[in-house]
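Down below are the structures I want you to see.
Two complexes follow with chain A in common, the first pairing it with chain B and the second with chain C.
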Partner chain A sequence: MMKKVTFVLFALLLTVTGANAQFSETMKRSEVHGSFEFDGYYYLPDNTLGITDSSINGGNFAFNGFGNIIYTLGRFSAGLSYQAYLPPISGYDSQLEGQGIPYMWAKYTGEKFTFTVGNFYEQFGIGLTLRAYEEWTLGYDNSINGARVTYEPVKGLMLKGVYGVQRYYWEKWKPNTRGIVKGFDAEVDFNQVIKSMENSKFKLSIGGSAVSKYQAEDPSSKYKLPRNVSNVGGRINMGIGNFIVYSEYAWKVNDPSAVNNYIYKDGEALVVTLSYSTKGFGFFGMFKRLDNMSYRSDREVTSNALDINFLPPNTEIHNYMLTAMYPYSTQPNGEIGFQLQLNYKIPRKSKLGGKYGMGISVNYSQVNNIVRNPPNDSTPVGELKWEKYTMGWSSPFFKFGKPVFWQDFNIRINKKFSKKFKATFMYMYQTYDKWVNQQHVERDTMVYANIGVVDMTYKFTSKSALRWELQGFWSQQEYGSWAAMLLEYTISPHWFFSFTDQFNYSNPATHEKIHYYNFSFGYTLRTTRIAFTYGRQREGIVCVGGVCRPVPASDGFTLTITSSF
Partner chain B sequence: MLSIDDARSMQKVLPYVRGHDWQMEVLLDPNGDFKRAMNVNLIPHTFLLDGTGKVVYQHTSYYEGLEDQLYEIIKKIAAGEKIPTH
Partner chain C sequence: MKKITTLLFLIIGSLFFFAACEIIDPPYKIEKPDHGDTIPDTILVKRVLVEDYTGHNCPNCPAAAEKAEDLKDFYGPQIIVMAVHAGYFAKPVPDDPLFSNDFRTPAGNAWNSFFNITSYPSGMINRIPDDQGNYIISPGNWGLTVDAELKKDAEAKITVQNDFSSGTRLLRTTVTTEFLAPQDVAFNLVVCITQDSIIGGQIFTTHVEENYVFMNVLRGTLNGDWGEDVSGGLDIVADEKYEKTYSIVFPAEWVAKHCHVVAFIYNTDTYSILQVEEKGVIK
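Take a look at the complex of A and B:
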């Protein structure tokens, strides 16, 4: 009897520990990770900037924040993102106000298949037909809510399919509102698929995509609007030795929308890039042409939302305070441009290179309007008056039209002088059409500027360093000239303290000769960073990838906390 | 190094890296999947992996001199010592 009891107990114990082991085994394989960010503002009145208590109107606080959680168990993963804009920081779209979980997904990753349901991001090629992405600094998110499947039958052949509706701030999708997006993409990398090409110096991959949107007809519209609009594209990437040529072309059928003033013209986009690179030398060239290529899942929307495709800019991204004063904003209705970029490293121990070598980069980019002729040759057409023609315009493909929207020539030199001291020198000449880039009403608002930057870093010890930037922006237009400087002291890996000032010393209006100063400090511990800022924000525009949002002038405190685990 | 360049600037990465004579392996994350999977909020973000591929140290943002501290941490891990918690 005793024996039996012991045995039962033993068996019970075994089962329990067995289940336990299985459970803990599962727990061992499963992982939870996440991250969060908090960007809080406290606005202060500032007479110099024309901000008073009554204009703040009790709205002293603003905050943008998010929290992400990702759970992984072997081939299975799931996640969600909580976001809050209560209310959004000034300059973010007011439609963002609110909080909730706009992003939730589950994914299975198999040997050849992956399945995602819920919200996801995706990109076909460079995005001329489809790109769903998120940019926190813009408050931009056009993620798709639906299903996504990828299938890789053999290594080097990738097939993708997506189906769903896009995020539109906090608005839930309902029938007869915004459209439904369907997309298919295939890409073949011949160097992986064909065995004999594996080690070939000739690299080749080809891709193609087809995207379609369906949006119900608006019965109140005076136009007969197409319900289905497709956008198809092809791309080819070739590498021969040190050369790489990439081209992508997309063609969109007629898509009358608020962005193109309801014209029935087809749209097209072409991007061609060429690069040559070898040790210490890199060349990059790009040609781009867009013609009536805005493609959104709601034809009525003109704000930064619901883009299905992405139109890549061919301009340089600038990071210094004054070189980023006038950033480029992509013109989906039509632009033609190119970019040339050279990177060269003068070797160490040469006459110019010195002990550490010297880096030089030269960049030129230009964007023009496309040439627009009336679709019917006998009718005269005034510039940008094309909205009165049903078919919009006809446009010679390779012709550069007027005006020049953007022009940027810049040269940058990086030099390390000693173990303790290094510097970057930059000169830039910029032409900027404020009217097209910022949708101002007045015409003839070209800005021409010469910009200079000296950026020096001095290392006191292996941990502490001082960075000192001096910048000048010389222009006769708009606000006139600016001077700026930055002082930043860092103690790695934890602390930073910085002071910046941008002074609009030659503003034509005396009371606008303003100092925009900022004091900030921050502490970083591994993946957690806390930063605190007090100061003034100048009015301007911030762009990421040619997508822009305005930034109004403000004064106040900022607290940023970011962390991940 | 993992570049966050998306597909629009991908073609610029190679001439940039070679033009600056950077002698390291550079990978691309065009759709940002890896960045999201690793919960990267700020750029740059440094991960230090051990021989088995496990993340043993992470750091967000960069200040002058971080590379020296990373080197110290790598030496400690190689010697089987514990790395400081801060």
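Take a look at the complex of A and C:
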């Protein structure tokens, strides 16, 4: 008996030791990575901005935060994202309020296959048929919850398939609510697939995708609604010497929705870009046309959610305070536009270039409405208004409509004067249809503005520098003219201190001539950054990639902590 | 070659599978049966309350109001709509005569806050929660929930009798509730006034409508935000008639000929509405 017990104990010990060794080995091969961001806001009453204790109504605190964790073990990886909006910072969609784990996934990467289950992001081409992505600064997340498979049978040929439902804030999917998305994409890179083209100067890849959504019919609808709506696209990417041409076209079948006012017209989108670059010179041109291309997994949703595809902007994205005051918002129901950009570096030791050379860039972009003609003899159509439950409009493909939604001409000069001092000078002329871009309701709200920026940096030592910006925004429309300045002192690699002020000095209403000042400082230690800000936020609009959210005016303290490991 | 052919089949097959679509040919309108305007008092049917939380500054709200009217058209008088103006978009705009209307009510504010409605338009269908306890339903899903709710049998009958004096502007309304089966939970009765055809400013996604016609606007309740116990605290028994009478003097801005009494009973444990009835103040 004693022998038996000893044997069992010995066997158990061996098993535990073996398991322990295996566990230690697994742990050694495992990797865990993560990133965190916490944005806390404390709102203060501000009579100048019309914010009172009663309008805050006890809601002084707001918090947006996330934590991403990714675990990897060889070919296997898994991850999750915790998110909290308690409540969301003002300007974020109130439907975000809540906390939990909206994003969880597991993935196996084989030699030719990858399998993902749970939540995932994906993009076909530039996204005209499908793009699932997340943009934290907008509070936007249209990730797909389902399954994703990729297959690369030969190097250079990639096949992808996705199937699932999209995230809609915190709302769990139920049958007969938002739709189910399925998509397939194939891309061939001929320079990899065909051996003789491996070293060719001519680069070619082509791709195609097909996406479909299924949403149950609303039994109370007085109109026939398609349950399955597909969106198919093709793309080509060619490189010849220093030239690169990319083109993508997508076509969507009848998709009546709240966004397009329930019309049965097909949709189409075309994006063509051409770029050329050589030492000291670069050119970029882009043409884009969208016609009824909103494509969402719920035909009734109009907020920033449930987009299946992505419609990229053809306008330059500006970062200076006053050049970014009126950002462009993509018009999915129809727009036609182009962008041209030239970059030139005046060589060193030339008359204009001086000791360090000088960079010049010129950019022009314009977006117009498409031309809308009546789809038949009996259905009227306006520039931005059309009849429900009809074919909507017909539109000649390359014709520019009269209303200009956006125009931006800007020229920028980058000049280094000495080892310690450099500057950027920028002039911009902007035309902006506020009504269209921000869904503001007053018509005739065109804003024309001349904007100037001087951005200078002086390095005191290799670790400390002062950057200051002076900006002017001159306009007769809406809020009138603005002046802005920034002072930012950096002590690398840890500290920064900054002060900004935007002054609406010529607002037609005297009580609206407001200084929007901000003080902030921050500390960075390796991958962790803590920043503290006090000041006013002016009312405006924030856009990323043509997707926008309004930001109401506010006053208060902000604490931001970001970290990764 | 065999490999390439297989791949081609795979790609083309996938394209067909993933590109499923339906082309809709005109006419787009579906001819629906006419349900008539009224259902005789003698016929007991399940009725559904569609609460549309809205505001005159909410650009997407007119589409939701239209959706509610579509439901009424489709299902007929079994649908009762109540437009509850509450929250951020319902605030009157100072110094703007077009948006000076204040359609908010204490009851609407209380419900808006209790059910945590923060985005508009939103709605509730008979205040039925989903599996996760959410009462709020976006307008796109109203139809499906209404359809499911109407498939249930009626479990109670409400009768409303109104007596309005145009001279004194006094409304006296008598609400009689009768359950088909005994109930082991308490039910509260809420009696509301709604008004149609109020003209005012409304923001749309594309423009401002200066003479927008507001329909089914909740004007107030006659017995508090949450009503009162329908049986006076006694056990509810089958076929017993529970009668309540309320009176109110109409304020000047309430136009009696456009007003309705909406009475509903709800389970005080779940807040879900068992039955609802609507009757014009003036026949």
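Here, the second predicted complex is superposed on the first by the 535 of 565 C-alpha atoms of A that agree within 3 Å, B and C clash if a C-alpha of one lies under 4 Å from a C-alpha of the other, contacts with A are read in each partner's own complex, and residues count from 1 in each chain.
Keep in mind that, in the parts below, a residue touches a chain if its C-beta (ideal position, glycine included) is under 8 Å from a C-beta of that chain, and two chains touch if they have at least 3 such contacts.
Note that the coordinates shown come from a computational prediction; the quantities given were computed from them, not determined experimentally.
Enquirer: After the overlay on chain A, what do you see for chain B versus chain C, clash or fit?
Expert: Verdict on chain A: chain B and chain C fit.
Enquirer: Which holds for A:463: it touches chain B only (first), chain C only (second), both, or neither?
Expert: It touches chain B, and chain C stays clear.
Enquirer: Classify the contacts of A:38 with the two partner chains as first (chain B alone), second (chain C alone), both, or neither.
Expert: Neither partner.
Enquirer: Just checking: does A:173 make contact with chain B only, chain C only, both, or neither of them? Give me first, second, both or neither.
Expert: neither
Enquirer: Is A:214 touching anything from chain B or chain C once the two structures are fitted on A? First, second, both or neither.
Expert: The second partner, chain C, only.
Enquirer: Quick one: is A:298 in contact with chain B, with chain C, with both, or with neither? Answer first, second, both or neither.
Expert: Only chain C is touched by A:298; chain B is not.
Enquirer: Using the superposed model, measure off the angle between the directions from the CA centre of chain A to chain B and to chain C, in steps of 10°.
Expert: It works out to roughly 150 degrees.
Enquirer: Give me, in Å and rounded to a whole number, the least C-alpha distance separating chain B from chain C in the superposition.
Expert: 21
Enquirer: Within their complex, state which residues of chain C touch chain A.
Expert: 3, 7, 10-11, 14-15, 17-24, 26, 28-30, 32, 59-60, 63, 70-71, 73-75, 118-119, 130-132, 134, 138-144, 146-147, 203-208
Enquirer: Which part of chain A faces chain B closely enough to touch in the complex?
Expert: 33-35, 37, 68, 70, 121-123, 125-127, 131, 133-134, 244, 246, 273, 275-284, 286, 310, 312-313, 341-345, 357, 359, 361, 457, 459, 461-465, 467, 490-496, 524-529, 545, 562-565
Enquirer: Mind pulling up the chain A residues that touch chain C in the complex?
Expert: The contact residues of chain A facing chain C are 93-95, 97, 153, 157, 159, 161, 171-172, 174, 176-177, 182-184, 186, 208, 210-212, 214, 216, 218-230, 232, 253-254, 258, 264, 298-303, 384-385, 389-390, 439, 441-443.
Enquirer: Going by the contact rule set out above, which residues of chain B touch chain A in the complex?
Expert: 6-12, 14-21, 30-33, 36-42, 45, 57-61, 63-66, 68-69, 86
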